[in-house]
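The next part holds the structures, each set out as structure tokens.
Shared between the two complexes below is subunit A, which has subunit B as its partner in the first and subunit C in the second.
Moving on, here comes the complex of A and B:
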């Protein structure tokens, strides 16, 4: 069978970055994307941090079609009928180089795909890969419908559900507790309204996080990112928790209730709903990473479980770009040596460990144990809300000293055995 | 806005064949039916007359939640065929 140098399955950040580097190195690359165009099957929050990726997309990141650079973070902690909002703004984020940007992936991936094509790679949309081709214990290409295409190396960058990693026997079984479902709505609002509503200068954006009653005690939270003239509003809920509900509430209802909260309505009011999207996210952290290579094949991006939820920050896109670039580097070396064995390709894992990808995943291996604590979504939001209610409320009776009110709330929620354990568990992060 | 109305806003090209296949034998013994609340598109339902589980595959957002939530492995879920299914314009 004729073989091209490399076939890449999936036109997201990992696949496109891998294709970009391999094509730059002069390799024949075919990238197959099942959607109408790269980005068309993507669901992202989303915000991307620039520093970790700029060396992996050298030169071109400066012209990337980002939405807005993030200048402030807004955290909203919600009780059933009250909320506390914390806004953190940093002047350093207002000047270049910007730390992070909001992004819409249909636009972004479309742009990156063009850059990849300019380098000489073939980006082929509307092509779903069905299976891998094998010679003994080595992957030697892919099967798409009736077509078979041979390749010296296959890079699986087919997303969080990675059928390719599954077919290669690399992926772990899909455990409900290792995944969350994210539902996202896109609202159209004009640019000026977004600027005014969020207190932004043109081009500036915010990242908003919501935690508490909106997930009804289940693992998860909400997000809202300002794009140029749209808002990305979404909720994330643990599938393990969703399926253990005694009186099941639909994920779609949680999204509806979330969007109806006054703390959200103040931002999205008057916006026109343009799109309704959903996808699963790996919440397993380092524990969810599959075997990353086999003979003739590497796994990158979400397909490799590279996503990290640290509560206040959720990262995936940087890992996708970096792992795609590193996979391409190793693939190029392997092609040069003519050694596509699993033994040689194992250096992919080594290089990921030397990079921030596996190093960060490892550092925060236990983040999930901390974030899985139900009290984060129930007790603590209630505590904050009751504490502030006690401090702010003035009625007709005598008011207790503020210290007495505060002490009562602290005693009720925090100063107990569970609170003590929580404090110790946080050290894991 | 109802979930169906939200999905109607999406650009979706329907495949002729369903990419989601249910094993009614397994579904018949399932009491939890967690596919129903988990699916963001609210596409799963029980046909009260036949007792079969039904999935409206045409509105599928391809999120994969049902595949993960169905611990009895009744759901045979693949991506829709080339160029079919949801095409996100924002992503």
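Moving on, here comes the complex of A and C:
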């Protein structure tokens, strides 16, 4: 069988970055994406940090079509009928080089796909890869429909559900507990309205996170990012928690309730709903990383479990870009040597350990144990809300001294055995 | 057997379309697709080539972006593609478009011209017949079957309640109707070939046309105004047990909407 140098499965950030590097190195690359176009199926919050990725997309990152640079963070803690909002702004974030940007994947991935094509790679949408081709214990290509295409190396960058990694025997079948479901809506709102509503200068953006009653005690949270002339609103909930509910609720219902909250309405009011998407996020952390290579194949990005769901935020795009670039580097070396054995490709894992990808994943290995604590989403939001209610409420009778009300709230919610345990567990992060 | 296929790139059926402030310009989301009926035409051309040898050439009139439709044609198996690209071609009606296309087709000998029976964006279905007229050829519209032999073609077209079989002398022009065939999905290797393919271009000057003959100046029909479709009322969800809800649904259909 004729073989191309490399086939990349999946046109997300991991696959596109890998294709970019291999094509730049002069390799013959085919990238197959099942969506109508790269980015069309990709869901992210999202926000991307520049420093971790700029060396992995050298030269071109400066022209990337980001939405807005983030200059402030807003955290909203919600009780059933009350909320506390905290805003953190930092003047340093207002000047270049900017630390992080909001992004829309259809735009961003579309742009990156163009860069990849300019380098001579074949980016082919509307092609779903169905299977891998094998010669003994080595992957030697892919099957898509009736077509078989040979390749010296296959890079699986097919996202969180990666069937390629599963087919290669690198990953066990999915377990619900290890995944969260996310629902995201995009609202169109004109640029000036967004600037005014969020108190931003042109080009500036905010990242808004929501935690508390909106997930009904389940692991997760909500987000709202300002794009140029749209808002990305979404909610993330652990699937394990969702299916264990006594009275199961659909994630879509949680999304509806979330979007109806006044704390959210104040931002999205008047916006026109443009897109609705659902996606899966791995929340297994370092424990969910499959074997990362086999003869003739590497796994990158979400497919390799490289994402950190820290409840309030999800981090995966930087890992996708970095692991895609590192995979391409190793693939290029292997092609040069003509050695595509698992033994040679094992240096991929070594290189990931030396980069932030596997070291950050390791640092947060136990984060889930801490974050899965239901009290974070129920007790603590209630405590905050009651404390502030005590502070601000004045009725007919005598007002208790502030100290007394505060003490009562602390006793009720925090100063107990559970609270001490929680405090103790935070050390793990 | 040389077959020419005329294709049109149209806004993706899911693309958002807004009417401009002047009432005659359209603001269309930059998402495109090949006209569905043209895919049937390409597929039929490829089948004719498979049976009778020869070559398939796809032609489109459009902006640079329309190359994508041509590449789709090549990915499916067409041999050549020509983009008719010129400022002067823009904003033309069916007449002006058909004139330019007929000039481009006439540049080389051909046996069969195929195109879609209508473009699903403006639904006018006039370019095919007009091209046949400009070239002085027979035109068979909305074909469901095509057989070619000995310089003649036998085609089936739908008529009210049945089918009509017609015969024409080649060269002739046929417009493809849904049901003619099942268009193939391009192979990966086909897409790779298409991405590498050189696409020929032709301008008004290349076709011996004066700018006054093409585009808006060459048009006979002028768009005066676009009006948006009536806004659909919001979805109504009928609550309650299935039985009661069904009864209520029937009541609404009969008494309120009066469609039953």
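The definition used in the following text is that the second predicted complex is superposed on the first by the 426 of 429 C-alpha atoms of A that agree within 3 Å, B and C clash if a C-alpha of one lies under 4 Å from a C-alpha of the other, contacts with A are read in each partner's own complex, and residues count from 1 in each chain.
Following the convention adopted for this analysis, contacts are C-beta pairs under 8 Å (C-beta built on N, C-alpha and C of every residue); 3 or more make two chains touch, one makes a residue touch a chain.
Owing to the predicted nature of the structure, the values given are computational and were not obtained by experimental measurement.
Taking subunit A as the reference, the larger set of touched residues comes from B, when subunit B and subunit C are compared.
When the two complexes are overlaid on their common chain A, residue A:30 makes contact with subunit C while staying clear of subunit B. Residue contacts after overlaying the shared chain place A:273 against subunit B, while subunit C stays out of touching range. After overlaying the two complexes on the shared chain, residue contacts for A:124 are found with subunit C alone; subunit B is out of touch. Once the two complexes are overlaid on the shared chain, A:207 sits clear of subunit B and of subunit C alike.
In the superposition on chain A, A:358 contacts neither subunit B nor subunit C. Contacts of A:149 after superposition: subunit C is touched, whereas subunit B is not reached. Of the two partner chains, neither subunit B nor subunit C is touched by A:327.
Shared interface residues of subunit A (contacting subunit B in one complex, subunit C in the other): 126-127, 144-145. Per the touch definition, subunit A reaches subunit B in the complex via residues 34-36, 39-44, 104-109, 125-128, 144-145, 160-161, 163, 174-176, 179, 181-183, 185-186, 230, 232, 239, 242-243, 245, 248-252, 255-256, 273-280. Within the complex formed with subunit A, the subunit B residues making contact are 1, 3, 6-7, 9-10, 32, 34, 36-42, 61-65, 67-69, 71, 78-83, 85-91. Listed in rising order, the residues of subunit A touching subunit C in the complex are 30, 32, 117, 122, 124, 126-127, 144-145, 147, 149.
Within the complex, the subunit C residues that touch subunit A are 185, 187-189, 191-192, 195.
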